[in-house]
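Some structures are shown below for you to check.
In the two complexes below, subunit A is the common chain; its partner is subunit B in one and subunit C in the other.
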Partner chain A sequence: MTNTIRFKIKRQDSPDSSPYWQEFEIPYKAGHNVVSALMVIRETPVTRDGKKVKPVVWECNCMEEVCGACTMLINGEVKQSCSALIDDLDQPIVLEPMSKFPVVRDLMVDRNRMFENLKKSKAWVDIDGSWDIHEGAPRISQEEWDRTYIFSRCITCGSCLEVCPQFDKDNDFMGAQIIAQVYLKNTHPTGKFKSADRLHALMGKGGIAECGNAQNCVEVCPKEIPLTTAIGDVGRQVTFQVLKDWFGK
Partner chain B sequence: METIKDNSFFYRRLHSLLGIIPLGLFILEHFFTNSFAMQGSTVFNDKIVFFATLPYLIVIEIVFIFIPLLIHGIYGLYIVYTGQANQIQQSYYRNWMYLIQRVTGVILLFYIGWHVWTTRLSALFYGKEVSFDMMHKMLASPLVFWWMLLGVVLVAFHFANGIWSFSIVWGITIGPKAQKRMGYFTMGLFVILAVVGVRALYAFL
Partner chain C sequence: MSEKRIIVVGGGLGGLWATLRIAEAGIPVDLFSLFEVKRSHSACAQGGINACMDTKGDRDTTWQHIVDTIKGGGYLGNQPPIKTMCEEAPGLVRTFERMGVTFSRTAEGIMDLRHFGGVKNMRTCFAGASTGQQLLYGVDEQVRRYEDMGVVKKYEWWEFLSVVKNDEGSCRGITAMDLRTMKVYSFKADAVVLATGGLGLIYGRSTNSTNSTGAAASRVYQQGAEFMNGEFIQFHPTGMPGDDKNRLMTEAARGEGGRIWVPKDPKNSRDPMQIPEEDRFYFLEEWYPAFGNTVPRDVASRAIWKVVKHMGLGLRGEDRVYLDLTHLDRHFIETRLGAILDIYQTFSGQDPREVPMEIFPATHYSMGGLWVDFEKDETTNAMVHHSPRNHQTSIPGLFACGECDGAYHGANRLGANSLLSASFSGRVVGESASIYVKGMQKKSKDIKDSAFEFERQRQEGINDGLMKCDGTENAYTLHKELGELMTKKVSVERNNDELDHALEELKNLEERSHHLDLGDSQTWSNTTLQYARQVQDMIVLAQVIAKGARLRDECRGAHYKAGFDIAIPEGKFPGDPEWDEYVVKWKANNEKWLKSTIAKHTEDGPEISYREVDTSVFPVEKPRDYR
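Up next is the complex of A and B:
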């Protein structure tokens, strides 16, 4: 049993500066997770070799793995740092920002690309147009709900994109997260109205065709979303959409 | 309504389709025809004559083999270039298959280039006769034999594993169970194709 917790943290002062490593050590306390340990480091930001440094910057909100903000690489694996318990981790615990998103500072990255892609793919449900587009609440069968509810648990954390060999800082691929959200919205009774629009967005640059079926996404999703099922299903929807587009008019 | 402003989707689906039709079908035919070698040189040479005397042979070869191969091969290289393999960090079975599909594809580009040159183009340009005997002489070199053995096994893998991902791309296998079953089927096909191909190769020795 060690009586301290050791960290090796990858730091970066600004989006354009080069990263560097620093080591920290804090007293052991049972029940620590990575976020609570980072908070202890922030109180006295002194490295292991006694140098006083600027506190480590990271992002977090909910502390219960539903906001996605604290996602980072912990000992090389993409995880939410709030639910990463120190007792489960080998030391020194290596913390790095996700590699597929631009670093803002230290462990904080800019995940805006995911939100932009949600907009591009119209991954929402219009509840109103210039007139009412549904009467009363839309009904969803229990079977349908069983199948689709899990897709609504996406926390936009970016883990599925971090591990994807086809998703890269400099390309346009939208990735599993978007395909799963398009799947969800296309099954919704009111969301269905915009299916063709969403599929067309996924048939453009960075769309579903860029998927290479390495299937890492589904292995790491913290919300256990069946991402590869969404990819297969949207693949089928897109196949039929092509037939409609080419031979339907 | 949203319209599509870019052709990458079309090219990607074309690449995918060409891998099965006609390239995959051709590989099945090719392995099967070469298996006639197991029945001796006369039977095999008869088949060569049959194919060499097909009407519109050049058109068939160009439209159904050469152009599809060129498109699939070159776009395939581009696809390889757009990805970044990450097996070290993510050592999952499917991620390895992703990498092997790409590595086999790139090696096949060299292999098929060499193969088409030695057994088809040099006959076309220099009137070299393609026959059982020619293959027998070529395969006498262990280097050529092992290189061809490698080519046969790699193409069997690339085609079989390609059927697996093709089935997801086009929406044939959607859920994990269906994809797993397809995985068993395609790996079975890989073994069978490899055995058929290697037996045909041995028949020339």
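Up next is the complex of A and C:
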């Protein structure tokens, strides 16, 4: 085992400037993950050839794989950097920003599009108001819960979109993340009242028809969400909805 | 839509609830957050949210929830807000359920309940082991609905810097920094709600997310808002020590049957699975037979501290003990505790189904926070609904909710009570701030621009100063030093010598924090500038914690000062004369110390005074006894 950890980091000062590479080396310590190593680098940002440089910029918040902030490409694979243990990675560890979203600076990208799409697809349950109506939601069986709970774990990290051949910086495709959320809301006993609205959002440009069925998404989802199941199911729902719309109800 | 506007700073559970309630009242909201609100720290909460649903045959009552919260908090919480919170908890949880939150189910399809530390009845609703994430998403989705309707405008990737006051000293807006361009702007509002979360990062590594710096609370404290009970910090007994953060192994692990132990012989370095029962010291079960492993957090943290620091029984001589799940049914723990099994395995590389986890107390939750007002109904002792006083800070027009207020948990917080208080207080603030602005004559729109421009320039000046400063100090290193100091000297066990020393050191750190070298002169997305400002403000707030602790010569809840412990006489119970003597001492101590600590900012550090606690709901009668 080596007694240092080596990094090759792709840096970029601003959205419009050109990227460049820098290498760093820090002392080995058991238990390091990519975020904790980046913290060491940020404190003393000196490259392997001894040049003092600007601290590396990246995004992280919870460091428990539940906020979705710290997603990046690690040795070419999209991952949450907080849970990427150094011991599991080949060195030099190559860090790059996600490629499907505009770079803000260094490893930080702008994923606003995912949140805009949550809006477009109306991924919520319409409630009358946030006051108590003295009853809860309709009952949900344990089996149903088992099937749907996993979809509520989506952390909006964008990994599924990063590996999707159809999802591009310059197109409108919404991708697996949104389809999974539509599935979740359309399955909920009261959420399903507004299914049609969500399905309509998935019909036009950027909708589910643009899915090329490459199935990469399901391979990389850190929450192991059965995305292809959702895509299949919502695909059928959309087809039915098209027919319903045709026959006027 | 109303002509008035309200600013909400923070989009965790507290801020989102506030936003939702204000939007429902037809008042437009500008919602500020360091990043997309959906990534807020609230997502981290695993265990659950308390509400007396009484569906488990425990004959649980709301009254019992109230009493547990009051007693758990060492009687230091003002009781009317606590009462109302517990009364409204079931309705709040039902509302979450209607939002589509995926609560775990019983075979009959209703919400399941579980045990949670320190409480005998099953009262905790949960969604797998990701309750906070699910609750956060529930309100996030509702707020997005209002965003879609144009009632809510989000400012994500913005950092709140200060409030702007009018001539009468009322808050009528804020300044904030665009975290891309790093430029400072001012914003007008008829009321401002602060919901910026906890302050765990003052301890360097904690269980908290990086948003929990306390910097925003510190900023309004420096502008005159009173800070309450700062010294009360909860140390979670079961943290998994790490280099970037200490990951929390939820209390549910103890609630569902996890056992804490160390080898009786500290030199016993055998594989834990090979150590026979008789060589294991299950110290919680031995010392607290009634509650065993489910004693409240402060009791558990101190017991672990004692076993490691005083008895020298830490694993391999390190700050660690075992939290053991290996005896439990695999399927059972997988469904109940899936998320922490994953977390532990992911971050340590070991499987907690096969080997006991290694844990140690970690800084977890701040009971203290901005002082907030409430209006009491004298006949019911509950909080008056829709009173504009509720959750207003000592700066008129500035409200606070969530972990950054100090209203509900007194000297200690019960597990699963803070998702409740964050949500409930957010909802209350939404109502009180709406009423407050509706009753206002003058609209903020009509206030002169000069006050706003003055404050904006002042804040920009701070940024310029930092950018130009050619000092020698490193913001990241300073933060580390701050964390180490606080963890060593202002933590699970405190003493006055160390606290004096800590206060001196904090002054030093404060001085040094004005001689920084950012090492980054770029104006675009300069996270070091942001960090530096946070560190400066953290050091100021750390002094509130340390000073409060230094002056409070007693033990209460999470604040434990060796030498001032009025210990329960061993083997004595009510009826024994020793017990009665103990109760007399305990009462005398309450006379003196059952008071909220109030800190006010001065140039020379915090000025501390004490304020009466409203104990009208459940007067102080007898001490806690967890034996």
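The rule is simple: the second predicted complex is superposed on the first by the 239 of 249 C-alpha atoms of A that agree within 3 Å, B and C clash if a C-alpha of one lies under 4 Å from a C-alpha of the other, contacts with A are read in each partner's own complex, and residues count from 1 in each chain.
The rule is short, and it goes like this: a contact is a pair of C-beta atoms (placed from the backbone, for glycine too) under 8 Å apart; a residue touches a chain by one contact, two chains touch by 3 or more.
Model, not experiment: these values are computed from the prediction.
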item	value
First, second, both or neither for A:Cys67, with subunit B first and subunit C second	second
Partner chain(s) touched by A:Ala214 [first = subunit B, second = subunit C, both, neither]	first
First (subunit B), second (subunit C), both or neither touched by A:Gly235	first
First (subunit B), second (subunit C), both or neither touched by A:Asn33	second
Per-residue touch tally on subunit A - higher for subunit B or for subunit C	C
Touched partner set for A:Gly204, first subunit B, second subunit C, both or neither	first
Touched partner set for A:Leu118, first subunit B, second subunit C, both or neither	second
First (subunit B), second (subunit C), both or neither touched by A:Arg6	neither
First (subunit B), second (subunit C), both or neither touched by A:Arg48	neither
Residues of subunit A contacting subunit B in one complex and subunit C in the other	122
Residue numbers on subunit A that touch subunit B, as the complex places them	76, 122, 163, 165-166, 168, 171, 196-197, 200-201, 203-205, 207-216, 218-220, 226, 228-229, 231-240, 242
Footprint of subunit A on subunit B - complex, ascending	1-6, 8-9, 12-13, 79, 82-86, 89-90, 92, 94-95, 97-98, 164-165, 168-176, 178-179
Complex interface listing, subunit C residues touching subunit A	17, 20-21, 24, 35-36, 38-41, 43-44, 88, 90-95, 97-102, 104-111, 127-128, 130, 133-134, 137, 141-142, 144-145, 147-148, 156, 180, 209-211, 242-245, 247, 343, 346-349, 427, 474, 476-477, 480, 519-520, 522, 524-525, 527-528
Footprint of subunit C on subunit A - complex, ascending	13-14, 29, 31-33, 35-36, 39, 42-45, 52, 54-55, 57, 59-69, 82-83, 85, 87, 104-105, 108, 111-112, 115, 118-119, 122-127, 129-137, 139-142, 145, 148-149, 152-153, 155-156, 184-185, 188, 190-191
